[in-house]
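Listed next: structures, encoded as structure tokens.
Shared between the two complexes below is chain A, which has chain B as its partner in the first and chain C in the second.
== the complex of A and B ==
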């Protein structure tokens, strides 16, 4: 049997390469979604991962770190939040 | 902009907390005038051993427009005789509601507000504070002194207030009997049974040491997740189901060999037992049953 392909639709899925949790601990929206201030997921609304391995939407975490009460601590483990370098 | 962020997060948590399937029976929550930033919360103490048992304590919870970056406030609407409730306004002295700015309180930062907290975690803290007062940092000195030195007086005052609070129970509302989540008796029942069975079999079948052990360790780790020494690095080991107590400098290759070794051990074990019992089947079931525990974790951390 011969088949001629006239048209095909490609569908792909993506997820961040960070499997530990699914939701941002601050805004409780999926990592693959956006922080509450963004419109487009992905590179426009990236994740940030700390030395402590806790991940958040970058915008959510930065907003927390600018508050005085954060004292620069990770919301999860309250260690000093330092962006993981790798 | 930020306002809509906080309101959508609050709406989500409100829905979760009022969803009849998932709601905590100790709380009855309504919005005040439909305002997502002001909640009317009724706290019910369902623990029959608590002197606050039977009370229906109305309270008001207010959320800042930048929630969750700042904590909500919580106050009881009737006077409540409790070492950690301010007699003046019914406010509550509980560290989880304090933001990190206040340096005078002497609370460890680990107990203070963080945006990773949720309404549910706040309510759970309040519930546990009500049942287990902390007279060392009193908001109501009289109550703290009575709690310490004159328990009879303390209990009597509380009992009077519990009776009084029952006037607030809305007509037709019945205080739940059980502290367990008020899930309807449907499929969820089956799930509960499943977990129960699981725990049972774990206890019964001690043959494979490793499985029993790391179950416990896994749960312990997630409960006490602020234990600084237990890195997330280690948790990988936990998930993969092997030792916890090795050195911090756990070499990955080392882990792998250990893992391989145990799986070999298991094989030998089960092979050796084969003549006596249909062990391999059991083993399989055990291993299968272990996996749901990792699924449980997100749930655990939620709380």
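== the complex of A and C ==
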């Protein structure tokens, strides 16, 4: 039997390559969702991962780090937040 | 097929139109703080000793909490707190005040509360449940090391029996020294 494909739809799913947790600890929205200021997930609203391995929506974490009370610490473990290098 | 790019353009177009017409029909934007508070409230798992009250059910950013400790020196009392959450939540902690005048080492006569996670140790990964549990803990284990009411703290530290008596007196609406306190024992 010969089949001719007239039309096909490709479907894919994606997730960030960071398995430890699922939600951003700051806004409590899934990493694959967006921070409260963004509308579209993905590259528009990326994650940031620290040396301490804790991950957040980048926008959520940057907002925290601009507050004086953050003292530059990771909201999860209170170690100095340094972006992981790889 | 879900045409995500054309949807995005469509939405942007609608936004522009709404902004240009300025007819006020633009949906009121739900703030990040409101979204986060909503999540925290649905995840709240409070013991039977604590209850939340929403004077205006549409306003999740202002509410009251009552704590009725079932053990410790403050057992039998009913303590009320007001929570005010501003739009910087969760980057800033909720503002919590005791709405009664009570005798407690970590709560001053104006109702300001000294709890580490409401001040220097706040971090945005903490939720309202953590704050409430922390608040209840103050009634189970008043802390003389970090006082807002210095007289009460000194009583607690040096004469626990006297402190216990003062707590009972104050909760019944009596005097401790020259200060009269509000009656907070359960009806």
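In this text, the second predicted complex is superposed on the first by the 86 of 86 C-alpha atoms of A that agree within 3 Å, B and C clash if a C-alpha of one lies under 4 Å from a C-alpha of the other, contacts with A are read in each partner's own complex, and residues count from 1 in each chain.
Assume a residue touches a chain if its C-beta (ideal position, glycine included) is under 8 Å from a C-beta of that chain, and two chains touch if they have at least 3 such contacts.
Owing to the predicted nature of the structure, the values given are computational and were not obtained by experimental measurement.
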When the two structures are overlaid on chain A, which partner does A:48 contact: first (chain B), second (chain C), both, or neither?
neither
Given the touch rule stated above, what does A:20 touch, chain B (first), chain C (second), both, or neither?
first
After lining up the shared chain so the two structures overlap, which partner does A:28 touch, if you call chain B first and chain C second: first, second, both or neither?
both
Under the stated touch criterion, name the partner, chain B or chain C, that contacts more residues in chain A.
B
After the superposition on A, what does A:76 contact: first (chain B), second (chain C), both or neither?
both
Pick one for A:38: touches chain B only (first), chain C only (second), both, or neither.
neither
Report for A:64: first if it touches chain B alone, second if chain C alone, otherwise both or neither.
both
Using the superposition on A, tell me which residues of chain A are in contact with chain B and, in the other complex, with chain C.
25-28, 35-37, 60, 63-64, 67, 69-70, 73, 75-76, 78
List of chain B residues in touch with chain A within their complex:
1-2, 4-5, 8-9, 12-13, 68-70, 99-101, 109-110, 112-116, 118, 225-226, 228, 231-233, 298, 301
If we count contacts the way the header does, which residues on chain A are in touch with chain B in the complex?
20-22, 25-28, 35-37, 52-54, 60, 63-64, 67-71, 73, 75-79
Contact residues on chain A for chain C in the complex?
9, 25-29, 35-37, 39-40, 60, 63-64, 67, 69-70, 73, 75-76, 78
Touching chain A in the complex, chain C uses residues 1, 8, 11, 31-32, 35-36, 39-40, 88, 90-92, 120, 122-125, 127
